[in-house]
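In what follows, subunit A forms one complex with subunit B and a second complex with subunit C.
Then we have the complex of A and B:
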């Protein structure tokens, strides 16, 4: 009781604090600072018509490398904890619906994920959402199968190679242009084409492979090695 | 207020409401999985608030097609893309540690987790 009342009071105080700092001077109508620079020069600088991707991969590529490191340490921690302390318990066998879905859909989902990854510089998407979609196809396979799929052992290799590729692409920019992750080390092409925007599609591919293999590794670690589900 | 302004401020109100609901849940719930759920709720609210901060009514998404004349701010969207991925990673770690703690204390109730007291 005291706990709920204290919680309510703290939340109300926070709400008052939030509403006191919101500037009620109407709707924003113009871009300012970095946003307006990106809107004016983003396409000319990077060759990518999707400005969000050009910010994530080119302008703020170093932040994205840091983000990949955070994702890597979190997924490593999850896999480590689960491998030291197995969750135990007997998984239930997948139902007929899940099994049939897991046979039909993963190919289409993976293809869609690859499409999102490769079109990151043209339309909403890129390495992170596309990689998550590919990992969801892996999760479906995992849910529909009675044992760990054989490809699970390759996840670490894909993850390491993708991380290495990201770093090397970044240092290629340092070597040629003196700037980390400069997208202009490859010709920019004409903006709006699939093959354009310098190294941005390649970096997207590396991020996509890394995110997909990391999330898949987390999913795979929920099922212990060699454990099979008894048929009904 | 015209409809545009109502839409604009209701986005901010939704985001603030999500954050406050999440904080309330973290402070008052007892089941550790519900606390994790409330935490992700607050996370979602923060993301929505960030995207809202770069939103300009009547402008289109920051994809520079030849037909597009004016766009919203791409920077908050790029930051939120980062934030969503970090949020997923933190939530996965939270749930795993929570399940471990629940197994150790024999209950998902945070009041029974003696290691949390000081």
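Then we have the complex of A and C:
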């Protein structure tokens, strides 16, 4: 009981803290420093009409590389720990509804994820959200408990290739322009077109593939070791 | 949608999140708590969308609402049942 009350007080305090901040975020209309620079020169610099993507991939692309490395270490640690811990409990077969959903929906969800990744420089989204959506399609396949022989090896290969592609695209910018992840090593094109914004779509693809394969690897490690239950 | 309507929807969503967060602490069954936490994540995704951060909303919906709920459920199955 004391634990519940303490937890409730902590939740209420956190809620008060969060909701006291929200109005201030709503009313500040003016941009300062780097923010105003990105808003004024972002499209001209990178050719991406989605300013969030131009910041995440081009201006602060190095931070995104660090983020991907953090995700990589986290997923490696999860897979390692799960391979050491003995499995308890007994998996149950999924219901008819889950099986049918897992048969129909993953294709559409994957397509939507790929759309989010490839249109990252045009509409909200980009590599990270799109990769997460693709990984959730993989999660649905796993929920349907279909066995995926060889999935782990393929995920590792995709993950490594995507990381390599990200690094190479970055150093291409160093080689040509003297700047890591400079998006202008390819022609910028006209902003708003699908093929535009230099290497931003390519970097988005690399990030999307890496995020999707890493998250999928984490999900798959929960279901490995012959734990998969064949549908009835 | 007008700004005041948006604010009203955001307030209702936030209140539902607070109620659901408290409920997740008080419910007896672990599986109920997991589903309620998933609902909190989904509401957070709606809030992100209302605050003009659709990309964050996509990430929150797929990772926070879908993936972490399923991982909690698998973890619950692995530790073998109820609290």
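Here is the rule we use: the second predicted complex is superposed on the first by the 192 of 232 C-alpha atoms of A that agree within 3 Å, B and C clash if a C-alpha of one lies under 4 Å from a C-alpha of the other, contacts with A are read in each partner's own complex, and residues count from 1 in each chain.
Here is the rule we go by: a residue touches a chain if its C-beta (ideal position, glycine included) is under 8 Å from a C-beta of that chain, and two chains touch if they have at least 3 such contacts.
Keep in mind that this is a model prediction, so the values were computed, not measured.
After overlaying the two complexes on the shared chain, residue contacts for A:155 are found with neither subunit B nor subunit C.
Of the two partner chains placed around the shared chain by superposition, neither subunit B nor subunit C is touched by A:58. In the superposition on chain A, contact of A:128 is made with both subunit B and subunit C. Of the two partner chains placed around the shared chain by superposition, neither subunit B nor subunit C is touched by A:117.
More residues of subunit A lie in touch with B than with the remaining chain of the pair subunit B and subunit C. In the superposed pair of complexes, A:206 makes contact with neither subunit B nor subunit C. Using the contact criterion defined above for the overlaid structures, shared-chain residue A:7 touches subunit B and also reaches subunit C. Once the two complexes are laid over each other on the shared chain, residue contacts for A:139 go to subunit C alone; subunit B is not touched. Touch criterion met: A:43 reaches subunit B, while subunit C stays clear of it.
Of the two partner chains placed by superposition, only subunit B is touched by A:70; subunit C is not. Comparing which residues of subunit A touch subunit B with which touch subunit C, the overlap comprises 4, 7-8, 11, 15, 19, 22, 26, 52, 87, 124, 126, 128, 132, 215, 218.
Residues 3-4, 6-8, 10-11, 14-15, 18-19, 22, 26-31, 34-35, 38-39, 42-43, 49-52, 54-56, 60, 63-64, 67, 70-71, 74-75, 77-78, 81-82, 85, 87, 122-124, 126, 128, 132, 191-192, 211, 215, 218 of subunit A are the ones that touch subunit B when the two sit in their complex.
Subunit C makes touch with subunit A in their complex at residues 10, 14, 17-18, 21-22, 25-26, 51, 54-56, 58-59, 62-63, 66-67, 70-71, 74, 77-81. The touching residues of subunit A, when paired with subunit C in their complex, are 4, 7-8, 11-12, 15, 19, 22, 25-26, 52, 87-92, 116, 124-126, 128-130, 132-133, 135-136, 139, 143, 215, 218-219, 222-223. By the touch criterion given at the top, residues 4-5, 8, 12, 16, 19-20, 23-24, 27-28, 54-57, 61-66, 71, 73-75, 77-78, 81-82, 84-86, 88-90, 92-93, 96-97, 99-100, 103 of subunit B touch subunit A in their complex.
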